[in-house]
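Following this line, the structures themselves.
Both of the next two complexes hold chain A, though its partner changes from chain B to chain C.
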Partner chain A sequence: MTVPAATSSVTSSRSQGVPYRLVASYVLPVAIIAVLPLLPFVNNYIIAATVRALIFISLGQAWNIVAGIGGQLSLGHGVFLGLGCYTTGILFNRYGIPPWIGGWVGVVISSAVALVMGSLTLRMRGVFFALATVAVSLALVQIALHFVDLTGGGDGLALKFFGNSLWAMQSRLPGPFLYASLAFVLAYYWITRWVLASDFGLAMQAVRDDEVAAAAAGVPVFRTKVLGFMLSAAMTALAAVLYMQFYMAIDPEAAFGLSQAIQLQLPALLGGLGTAFGPIIGGAVMIFLSEVTNWGSTKVGINGLDILVYGLMLLAVILHAPKGIVGVIFRNAFAGRAH
Partner chain B sequence: MEATALLTLQAILSGVLVGGVYGILSIGLSLAFGVMRIVNFAHGELVMYGMYAGVLASRNFGIDPLAILPFSFLLTAGVGIVLYQFVFRHFVGHATLQQLLAAIGCALVLQMIAQIIFGADARTATSAFAGQYVVFGPFFVAKVQIVAFAVAAAATLAVELLLRLSTWGKAVRAVADDPEAAEVVGINSQYINIGAFALACGLAGLAGSVLVSYFPTAPSVGFSLMPIIIIATTIGGLGSIGGTFLGGICCGIIQQVTAMTWNSALQDVPLYALLLLFIAVRPTGFFGVRSE
Partner chain C sequence: MTTSTIALDVKDVSRNFGGVAALADVSFSVGAGEVMGLIGPNGAGKSTLFEIVSGNLAPSAGRISYFGSDCTSQPSHARRRAGMCRTFQKVRLFDSMTVAQNISVAASQCLPPGRSVRDEVAAILGQLRLDALASRRPSELTLADRKRVEIGRAIAGHCRLLMLDESMSGLTHEEAEHLIGEVLALNRQRGITVIVVEHVLSVLAALVNRLVVLNNGRMIADGTPRQIAHDPVVIEAYLGKKHSALL
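Up next is the complex of A and B:
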């Protein structure tokens, strides 16, 4: 139900004076994903991998707000993923509150945590904010491990399964999640577009590029940074509902660990920091490569090859393509146009 | 009451000993930041390689991990030079978003290489001092911890003296203060930076071999040590060697007292709170250099 509506809104807003090529490049991928389950060669594995990619695109889009547009390096965005997952999971398992409500509770808690963290640390420039986000995420690992009654400790928290149900957002098959995550990707893409074009987004970019100049031009630097961080945290916590309902379980490492935090960053970094399209390409590339290396590492019998590949991707992008895949494509496109 | 006071004193004592090792773990990070404004998130991984060097020496050759300190130092200093040439050379002078991310990339690669070589299981080294305890009055401490603390304190003192008294140390401090002015008076800041970075990384390996004399290693140990290293460095002051050592001791005391009097599973939580407090109120720590 969601997808045709979303598709038509894309078409109508892009078709005014926009080249046909652009419309096709937006509508076609959405349409392909929407009809994916109907195609003959597609099995549940491919659908599940696509859902994973779409979930990490959404999460990457959320991180992109604070890091790409705002220039603040949050290394601990797993905090908000974890708070979102644990909040929905605990509320559902203990009190039967559906994720439709629990998710918003998670959003409120995450925003509050972001407000406190940001207020404490965002007055400083540079490394201290990054260090503080690492500290909070690692503290939450310990806390989650300790309060076993609430969080399940190291074994993690598994959602109780009551059969396929829209009310509980549960499904044994990945199909419904395809449409839910596609809606998330579209919504987050447009939110990012809106932020980039808004006064608030301009203020964030001004702060990112030169804090002193931004302050001199009358931008409330500190408030802009905190609000950007809160928006990013809220978006991460909301997408965490999707993550939790799809994976059905969360544990402290998967929620707050540093390797999870890196998976939240890679889509935007690979695709192109601070662009609305970057995380979409980057997330797709990241999940594709991780599926390939997982397949390869089971073949050769070595665990953790995907993390090695993530590390190499991170280094390659930062050293050789700091503007990501989107940057490379656009540089070539503009170079071609100039000649 | 009497028993609680004794327990607390015992906790403080072991906190100081553990904290000295936290100090030596951290001073390399502090040095790299002080000279080049590089926050090396791969520092913990270099510590991990130093720990594996100790494990291999102890398991395969029967050498005490504390006896191979010069070798561990050279090993990780070499890794540090490679990292500098390929990665950190591009980021000298500013702790930018890209620099932090590049360091994390290095950390992931180093960690996974270790996992492929050594496997994911925890490994231990056997020190000659293992299992021996020193008792004085109502207190007792493991001998290996006393030795580790002594080595850590001596190494810190040596680095501090090297930076304060030697010509090379003066050149390093000159580059840290103002690279351009240092170039003007004839110092090649590139060479100084490579040297300082190699020293910082070598200290990580040395610290690893000290730590492994009583603490098991695994490929993930680098990541799990990073928080305490970051906290010790921030409390003591990014860029100050002596300050960082004291920061490590503070961390050790707080951690052990928390574990003894409150809850050992949550022993690091007060440290994280302290880190946030320091970042909010005094980000340069007790003795740190100004960030920008």
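Up next is the complex of A and C:
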């Protein structure tokens, strides 16, 4: 079962005018991004900014699974970005294992770490889980700083560069990453849609709304929370491969630091928690603002202007649009049901 | 009653909160298909007993058997999947979901393999006259409708024992009568055993054929409504002479 009879009637009423909405919502944005490198006024800077946006969108989509749909506030989700990046980088630099394989090792390690973290903390209600994720991410910063031979310590880990190489998943130009990151965003969008419509997703949402009532409806609360956390961790670690191959380097703060963890949360928080579209809109807005404020801060000579703008934007969303930008945009069209 | 005809057997159940004994050595059985009421003044331990029976709270001592199987250490979701269902004193629906989705959650978790969740949801919506509200969210419903949805979610999938925690409170006389009719229909048509915690005595008189009375965490009486109405201990502790006439 996926969508019950009564809700499918809502779906069918929603799908009136599907061609226009389909084109406007899906086909057009994908087509624009796909042909971006071919447009005369588009340079590598614009393509790279778009890739950055798509990477952070996919990371936001992954976080949205555990926090938006599952309601478990993972404040230290950079743990899985870091594990994915370091695993891929170390396996490649030291053992010559390409990211095509190393990435999956990162996924397995991240899932295992999520299983252990979740098993220890997700039975507890309240802030314990959130605090535990922060504690683990801070611990991993120190571990990464300590094992200098393996991680490069505070200087970070830079990938050996092979030029244009499919085997090494490397490119001198950002173009190939545009298509790879677009594929990630599309895949994660459909995974989110699938989760939202599945029995498992319904159980996750029930747990998010009310754990006691969820258990009284037969939902295995603890198992559902752990599985949701593992899925989100695995998705983050997989997207981390793209992050690592695009940026070509990682350091402890960029991997496990709290500012990075906040960046992972912003797409879903700004766009709309628990919706499939939210992280896409939110991530696009976030990177656009980041680029504009970076440019602005250079012009006016104020460092950290982008952080200030993020903060103000987040404050505005929390106060005036708790369902995020998607909630505001689609309020009328979807009667507050923006998926 | 033989073991197979006993739906619920509560044996010497106690529960302490620090130095306070919320329940002390409570024992009773509920026969399969029976409609039983659980009454007592505020603080008597009714809700604590419901929490223990449904698996939300562990007893300090004692044993709970469900259709002959010891379920004392079973988690609440496993009891629900075995057909032990409940509602809450304060309605607890999934606010982000529609009425149909609220019922779907339980149906998808508790239905035996091979049965259609969609059909089950449709059947429950029909039986509780919720069809027209299927796409609504809990915030758009009246209290009476929210309580019916909660009952629908409680019985979805697989239900052999239904525990209703003050489901009639806050309803008008007419709404309560409708709900009583629906609960009795569930009892008759689906053979569901029902335990009702209720303060509204007229509701109990219309619903139950047996009452268990708690006071200060102890069971002080067990009998038919008529017997309870004339029990001097119950009259003294809970009913009073005026209200005993309502049973």
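Simple rule for what comes next: the second predicted complex is superposed on the first by the 311 of 339 C-alpha atoms of A that agree within 3 Å, B and C clash if a C-alpha of one lies under 4 Å from a C-alpha of the other, contacts with A are read in each partner's own complex, and residues count from 1 in each chain.
Note that a residue touches a chain if its C-beta (ideal position, glycine included) is under 8 Å from a C-beta of that chain, and two chains touch if they have at least 3 such contacts.
The model shown is predicted, which means the values in this text are computed figures rather than measured ones.
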For this session: In the overlay, answer first, second, both or neither for which of chain B and chain C A:112 touches.
Result: neither
For this session: Go through the superposed model and pick first if A:173 touches only chain B, second if only chain C, both, or neither.
Result: neither
For this session: Have a look at where A:101 lands relative to chain B and chain C in the superposition and call it first, second, both or neither.
Result: neither
Exercise. Should A:202 be classified as contacting the first partner (chain B), the second (chain C), both, or neither?
Worked result: second
Exercise. Is A:145 contacted by the first partner chain B, the second partner chain C, both or neither?
Worked result: first
Problem set entry | Contacts of A:136 with chain B and chain C, given as first, second, both or neither | first
For this session: Using the superposition on chain A described above, determine whether A:39 touches chain B (first), chain C (second), both, or neither.
Result: neither
Exercise. With both structures placed on chain A, which of the two partners, chain B or chain C, ends up touching more residues of chain A?
Worked result: B
Problem set entry | chain B versus chain C as contact partner of A:28, first or second or both or neither | neither
For this session: Look at A:292 in the shared chain and tell me whether it touches chain B only, chain C only, both, or neither; answer first, second, both or neither.
Result: neither
Problem set entry | Partner chain A, residues of chain B touching it in the complex | 39, 86-87, 90, 95-98, 100-102, 104-109, 111-113, 115-116, 120, 223, 226-227, 230-231, 234, 238, 263, 265-266, 268-269, 272-273, 275-276, 279-280, 283, 291-292
Exercise. How about chain A: which of its residues touch chain C in the complex?
Worked result: 1, 4-7, 9-10, 199, 202-203, 205-206, 208-210, 212-221, 274
Problem set entry | Complex contact set, residues of chain C against chain A | 54-56, 75-78, 80-81, 85-86, 88, 92-101, 103-110, 116-118, 121-122, 125, 131, 134-135, 153-154, 156-157
For this session: Please give the residue numbers of chain A that touch chain B in the complex, ascending.
Result: 67, 71, 73, 75, 117, 120-121, 123-132, 134-136, 138-139, 142-143, 145-146, 258-259, 262, 265, 269, 302-305, 307-308, 310-315, 318-319, 322
